[in-house]
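Two complexes come next, and they have one chain in common, chain A, joined by chain B in the first and chain C in the second.
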Partner chain A sequence: MYGWAGQRLRVDLSTGTITKEPLSYEYRRKWIGGRGFNSDIIYNEVPANLDPFDPKARVCFGVGPVSGTAAPSTGRVTVTCKSPLTGGFGDSNMGGHWGAELKYAGYDQIVVQGRAKHPVYIWVDDDKVEIRDARHLWGKFPREADQMIKEELGDEDIHIVLIGPAGENMVRFACTFNDVWRAAGRTGHGGVIGSKNLKGIAVRGSGTVKIANPKAMMDVCNRLRQTFKPDPMKIGLYEFGSLCLINVANRDGWFPWRNFQGGAHPLANNMSGETHAKTVLKHREGCFACPICCGRFTHIKEGKWAGEEFGGPEYEHAVPTGPRVGIIEDANDIWHNARLTNDYGMDGIETGGVISAAMEWYEKGLITTKETGGLELEWGNAEVVDKLIPMIATRKGFGAILAEGADRASDKLGLGDKGHYYTLTTRGMTLPGDDPRGLGFGYGLSFAMGTRGGCDHLRSLCCLELSGALYPGLNTKILGDERPNKPVTTVGKPYMVFYEENQKATTDCLQVCCFTTHWSYAVLTPDQVEYLNAVTGLDFTEEEFQEIGERVYNLERAYWARQMSGAREDVVPERFTTEPMPQGVDFQTNVGVVFPLSEMLKKYYKYREYEPGTGFPGERKLKQLGLDYVAKDLAPLRSKYLSESEKKKKKYYY
Partner chain B sequence: MAIMTKAQAKNFAEMDDFMLELCDFLKSKSVIDATTHRSILLKGFSRMVDCLQEKKVISAREAKEAMDKGFTSLVYALAK
Partner chain C sequence: MSNGKALVYNQEKCTGCRSCVVGCSLYHDGECGKVVSRVAVVRNERFGESFVVGCDMCTDAPCAAVCPTGACAMDTVAGITKINAEKCIGCKECAMACPFGVINMHYKTGKAFKCDLCEGRDAGPVCADWCPSGAITYTSPNIAFKAKRRVKLMERLEAVKAGEEG
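Right after this comes the complex of A and B.
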């Protein structure tokens, strides 16, 4: 077999059973790998009504057929579960080297189920798989536990997936790291891993990936590496990391100032990639086989936090616990908050989202110091954010309420509709730090439609509108029109979102980084098909490849449908559709803009063949995609969703 | 070969999002079949142009112009 390792490793922590399951040709061809394999397991093995923290729940780690090869950036891994934050389908993916190492150890996927009697970690040493005691690691930050495991196993080159204290405490938005700093941030799988008493998975692989056509593979990889050299997005990401977007966001008004009350701020450059590079950048870091190297390593040199070091931050990591909570004057406070969320192992986006929602509840008088335990939640109060992050991770005081995520916290505080107005979520998950009134209407549409709730750049970001203008002719090649490269327009956006969601799904099935494709445009879909075929020796066509993305997307959408989530939940926070964008800086380009979701939604449904009433994937489409069993599952639910009793329910999470 | 009127071409050219409706139109006129319809939606505009050129609905020059200028140019070519 070429490309794939050909087997899944399943570990049941309740029984201690370790099994290796072969993956058939038909199965691999249907799902490719990574996100596809994981979504299939979650759909089939985790029922809609199961508590995500139930021992029977699964958490999956998936890699793809090109993982560990010389194709651009093939170290990624998708982590998938039933999300404890949203209660629906949840996945997230991360870079680093762990994904490639798993492949070298001989596995395409790990599925973990059950619950250990005490904290453990899994040690995968090629064929040998052990469940080892981790009681001494419990409570440790990932950077501490990583070093302790390496010393214990006597191998510095091991790659380890770990959770932090937030995961152990089942914070609903705890995340997972590998190689200490590379995070799969979203949807709260860190809490699911913690609920299983699992601290991490250490992997050592001494094998290789068999390539069907080595010469063709080297030819395509060499060609693609040359195309990266002049790529404008690659250059920006290398020089300034994803913080290169700060000044762009500020100009175009999608910089999330104070929980999206505004979209630009005169001091935004304090935290730009350009400023970061001049002041606190220690070195750049790249993931496995990456031609971009967008990773940062930060060393704070001055002020209260001098001496602190950490990997990062990314744009989406720095913005939520920075400008979103009103911190902008001293960027060191922002870098410090990013370091804290890393150490405690929490999704920076939801952390900033829930704190900024609480700050707005406080501003509007919905809560007072009585509810917060004396904390004065004024915008920009860096001291209180510094206190709150550990309180959330350890579920102490007011932090225990915020540890539930923004929507649940609103309900626990009894804030009703007013509270939810300020949570800025879709399907129970806080939106990332990008305002669709500025970043783009395609992006906003994908917020409403994302199959894991409020999504970010790794799911369905329409780069044809973000960076399409840097690549003249590209929008025409794909969409037939250059006009969609303007962010604030509805022109061409429904088809753009349909196309990009499929493209991102296949990219996640391959488990390559989306920064290498349809972010920068050095690698296009035909190139991906070319290296997939060179590795596997198979004959995937571009249509088949994109159809797999469509299949994965529909399966995930069906998971939500099974939970009675459909058309009524295809919304974005009202702030974006009702509040015109205010002016923050003189040069801002989107003053007065509101986001027109409903104009695009109907047309998007037609591309997807979703039923107009329910928003569920249509039966014809599901059968076309080989998902007949899903069509059967949904058949009895269609009328239930349209019943009066269901219509009356307000659903923020499941 | 004209497969639409100038008025229809103008209507398409004014659309905010044309891809699905143009594919449906081409299918209704039996210019493309269901498989090609699906292939175009999965692969994008360049597939549509290639297909129309292969079927000699548009010339090589019109195909090039469509790829340079976009779908407006294409729909007016389809009205010639």
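Right after this comes the complex of A and C.
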């Protein structure tokens, strides 16, 4: 077999059973890999009413047919589960080298189920798989546990997936790491892994990925590697990491100042990639087979936190516990907070999201020091944030409330609709540090429609509206229309989002990094089809490529529909649609902009063929995509969703 | 040395991405994997350190000196040490003798294999060609050393200047 390893590893921690299931040609062709395999497992094996922390819940790690090959950036892994944060479909994607290692060990996917009696970790040594004691690793930061496992197994070159203390304590937005720092941040699967008493998965792979047509593969890879060399986005990302966005975000007004009260700040350059590279950058890091290498390693040299070291940060990791909570003056505070969320193993975005929501509740008088246990949650209070992050991870004091996620915390505190106004979530998950009033209306639409809830900059990653200026003619080449290349316009955006969501879904199934395909646009769909065919020896076409993405996307949407989430939940936080963007700096380009979601929704629904009333995936489309069983599942639910009693329910999470 | 050029490794720039590894294995073996690569990457994730380890093409090569069959020997035409698979008996002496650990045994044939500077590839060795950070370059060592000398001197000069100002 070429490309795929051809088998799924299933580990039941309750019984200690380890099974290897072959993946048929039809199955692989239908779902490709990674995100596709995972979404299929979650839809079929994790029912709507199951608690995400139930031992019967699954957590899946998937890689794709080109993982571990010479195609650009083939180290990604998708981690999928029923999200304890949103209660709906949840997946997240990480870089690093673990994905390639898993493939070399001979697996396309690992599914973990059950719950071990005591903390354990899984050791995958090619064919040999064992469940080992991890009691001594419990409570350790990933960086410590990584070293301890490597010493124990006597091999420093293995790659390990780990959770931090937050995952062990089932914080609803705990995340997973591989290679210590590469996080699959969102949707809280770290807590699900922790609920299974699983600390991590160590992998050693000594095999190879077989290539059907090595000469064709060499040709396409040679060409793509050359394309990257002069690419402007590659150069920016290599030099400054994704923090290269800070100054752009500040100019275009999507810098998340104080929980999106503002979109720009005069001191933004304090934390820009340019400043980071000059002051605290220790080393540049690359994920597997990456021609970009946007990874950072930071060493704080001055001030209170001098001597601290950690992998990262990147843009979305640095801004939530920085400007989003009002910290901007001393960038070392921002790097320190990023270090904390990494070590404790929490999603930086959600951590910043929940703290900034709490700060706004505090500012508006919805809560006082009485509720916070004496913590003065003023904007920019770095000392409080430094205290609060470990409190959340260990569920202590006020931290225990925030560990439930922003919307649940709001309900626990009994703040009503007012509380939810400031949580800036959709479907229970906080939006990342991108304000759609500046970043782009396509992104905004994507935030409303993302199939993993309150995200998602990574569902469509429609940089076509962002990088348009850098690549003249690109929009025409991909979408057949150059007009959508400006961020703050609606024209052509519904189709752009529809197209890019499908494209990105298949890219995730291949498990290649979207920075090669959606940021730099050095790798376009025809290139991906070319290397996929060279690796597998099959005959995929561009149409099939898009169709696979559409299938995955509709399945994920159906997962939400199955638990009564549809058209009524296709919203973005009201702040974006009602509050005009204020002026933060004099060169800001988007002052006064509000985000016009409703204008675009109707058209987007048409492209998707979602039902107008419910917003459920349409029956005709589902059947066309080979998802008849899904259509059958959804048929009886339509009238229920439209019933008066359902309409009355206000749902923030599931 | 071949055309007066050699692979020059700059460890400070290595990001540990293993682009070199996948390129090398694909070019030589038509499959992708660390175990069939002639170049290796050592990663120290906790400290954010990565190193690339490839053949340094020793002038007085220990691998050739210990080879009992003459399989590993200096190719006087190419000017580099090569392993002739037909003569190799798989004794692993060369792999153990290599001071850098860049010779490996092939999982299919059981014979030793090492870097051949991608013989026949017009664009030069694939590892240097694909390296995104400039950690591996295929260049004349003399030019590389001169450039490094200049960079290091300038760094020291900057430090001295900064010290004077501060």
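Note that in this section the second predicted complex is superposed on the first by the 652 of 654 C-alpha atoms of A that agree within 3 Å, B and C clash if a C-alpha of one lies under 4 Å from a C-alpha of the other, contacts with A are read in each partner's own complex, and residues count from 1 in each chain.
We take it that a contact is a pair of C-beta atoms (placed from the backbone, for glycine too) under 8 Å apart; a residue touches a chain by one contact, two chains touch by 3 or more.
None of the values given here were measured: they were computed from a predicted structure.
With the two structures aligned on chain A, chain B fits next to chain C without clashing.
In the superposition on chain A, no contact is made by A:T227 with either chain B or chain C. Of the two partner chains placed by the overlay, only chain B lies in contact with A:T476; chain C stays clear of it. Comparing chain C and chain B on the residues of chain A they touch gives the larger count to C. When the two structures are aligned on the shared chain, A:H283 is found in touch with chain C, with no touch to chain B. In the superposition on chain A, A:T577 makes contact with neither chain B nor chain C.
When both complexes are overlaid on chain A, the residue A:E542 reaches chain B alone and has no touch with chain C. Once you line the two complexes up on chain A, you'll see the smallest CA to CA distance from chain B to chain C is 30 Å. Touched by chain B in one complex and by chain C in the other is not one residue of chain A. If you check the complex, the residues on chain C that touch chain A are 13, 15-19, 21-23, 25-27, 29-36, 42-50, 107, 123, 129-130, 132-133. Those residues of chain B lying in contact with chain A across their complex are 16-20, 38-39, 41-46, 48, 66-72, 74. Chain A makes touch with chain B in their complex at residues 473, 476-482, 490-495, 498-499, 502, 525, 542-543, 546-547, 550, 600, 603, 606-607.
Contact residues of chain A toward chain C in the complex are 68-70, 74, 97, 100, 104, 143, 146-147, 156-157, 179-181, 206-211, 214, 217-218, 221-222, 225, 228, 234, 238, 282-293, 295, 297, 299, 309, 311.
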